[in-house]
């Protein structure tokens, strides 16, 4: 069994995280440059949305591969994987 | 195959929704009574949290039964179920 | 000074809460009728969105009237009102 | 009137954004290293929470200084500032 489920999306996810890193650096520079609060808040909301989108891709890949794999194998592992995925959703929704 | 996955939680979910209904009626009454904005906002946040908690229970039950069942059966149904669950998570996170 | 800031939106807010109450009752009935998990989750997300929208109206009215009034009056009351509003935003964002 | 309201928190905000940048780079590395989906999701949730906390600080500072300043000056500027702040809250809650 492979260690993760995002193989097919790995390149795209790496690219999105690299864009997020640029946006985060941009926000740090806006603060350094004394930019207007609301303009910074708009950028923070954009980064939060981008991260949520990364998380949703990871989660869908995880369900489709890791969780599905554990269920197909059967046994206690399946139940644990479902519980773990549900907990991750809980953290996402709460964050 | 049964039509849903929340059988074991059905009574608890019904009780929680009945409590949410009471809270919603309470908020309507607070507005009617011209109560202070912040006190109403506190109640709205409490109801939103309660609904999120109901949603997370439904989602976990759905993964553990409906999605797991479809995966165990195999075939195209499994993939569709995973996609459908991921879309539901997307709506939850965005709402 | 009046006790709240949503005077102009009171009728609309009451109507929206009454619609939310109907939706919540609808969800309770869906659970009672053993409806499909995902269909219930869709309704829960819709209610959460409707409540958020009510909260955002209340918050905007609160800023425009209660907070603005306290600032116009000056003194320590203004700072306390800003802090209180920021805390309400925190609860909304976290919920 | 200065252009923003986060003067007193500027150093702390810069430090928090620099920590967020490190966390974002850490997530990119986790993806590059084929780390387990759920561990990455946990980190994404942590970054989202950290950004939300930055946003809430910016918003509170903005209310306490920029919005309060506009209200104290009076006129149409005050109403526009309140509307602008409410829209920023809307984007935060929706993101």
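Points worth noting:
Labels A, B, C and D are assigned to the chains in the order they are written; within every chain, residues are numbered from 1.
Note that in this section a residue touches a chain if its C-beta (ideal position, glycine included) is under 8 Å from a C-beta of that chain, and two chains touch if they have at least 3 such contacts.
Computed from a predicted model, the values in this text were never measured in an experiment.
Steps from chain B to chain D, minimised over paths through touching chains, total 2.
Contact tally for A-D versus A-B: the pair with more C-beta pairs in contact is A-D. Taking each chain's centre as the average of its CA atoms, chain A and chain C sit 28 Å apart.
If you average the Cα atoms of chain A and of chain B, the two centres end up 22 Å apart. Shared interface positions of chain C, defined as residues touching 2 or more other chains, are 52, 55, 59, 85, 92, 94. Of all residues in chain B, those touching chain C in their complex are 3-6, 10, 13-14, 17-18, 20-21, 24-25, 27-28, 31-32, 34-38, 40-42, 44-49, 51-52, 54-55, 58-59, 61-62, 66, 84-85, 88, 91-92, 94-95. Residues 52, 55-56, 59-60, 63-64, 67-68, 71-72, 74, 78-79, 82-83, 85-86, 89-90, 92-94 of chain B are the ones that touch chain A when the two sit in their complex.
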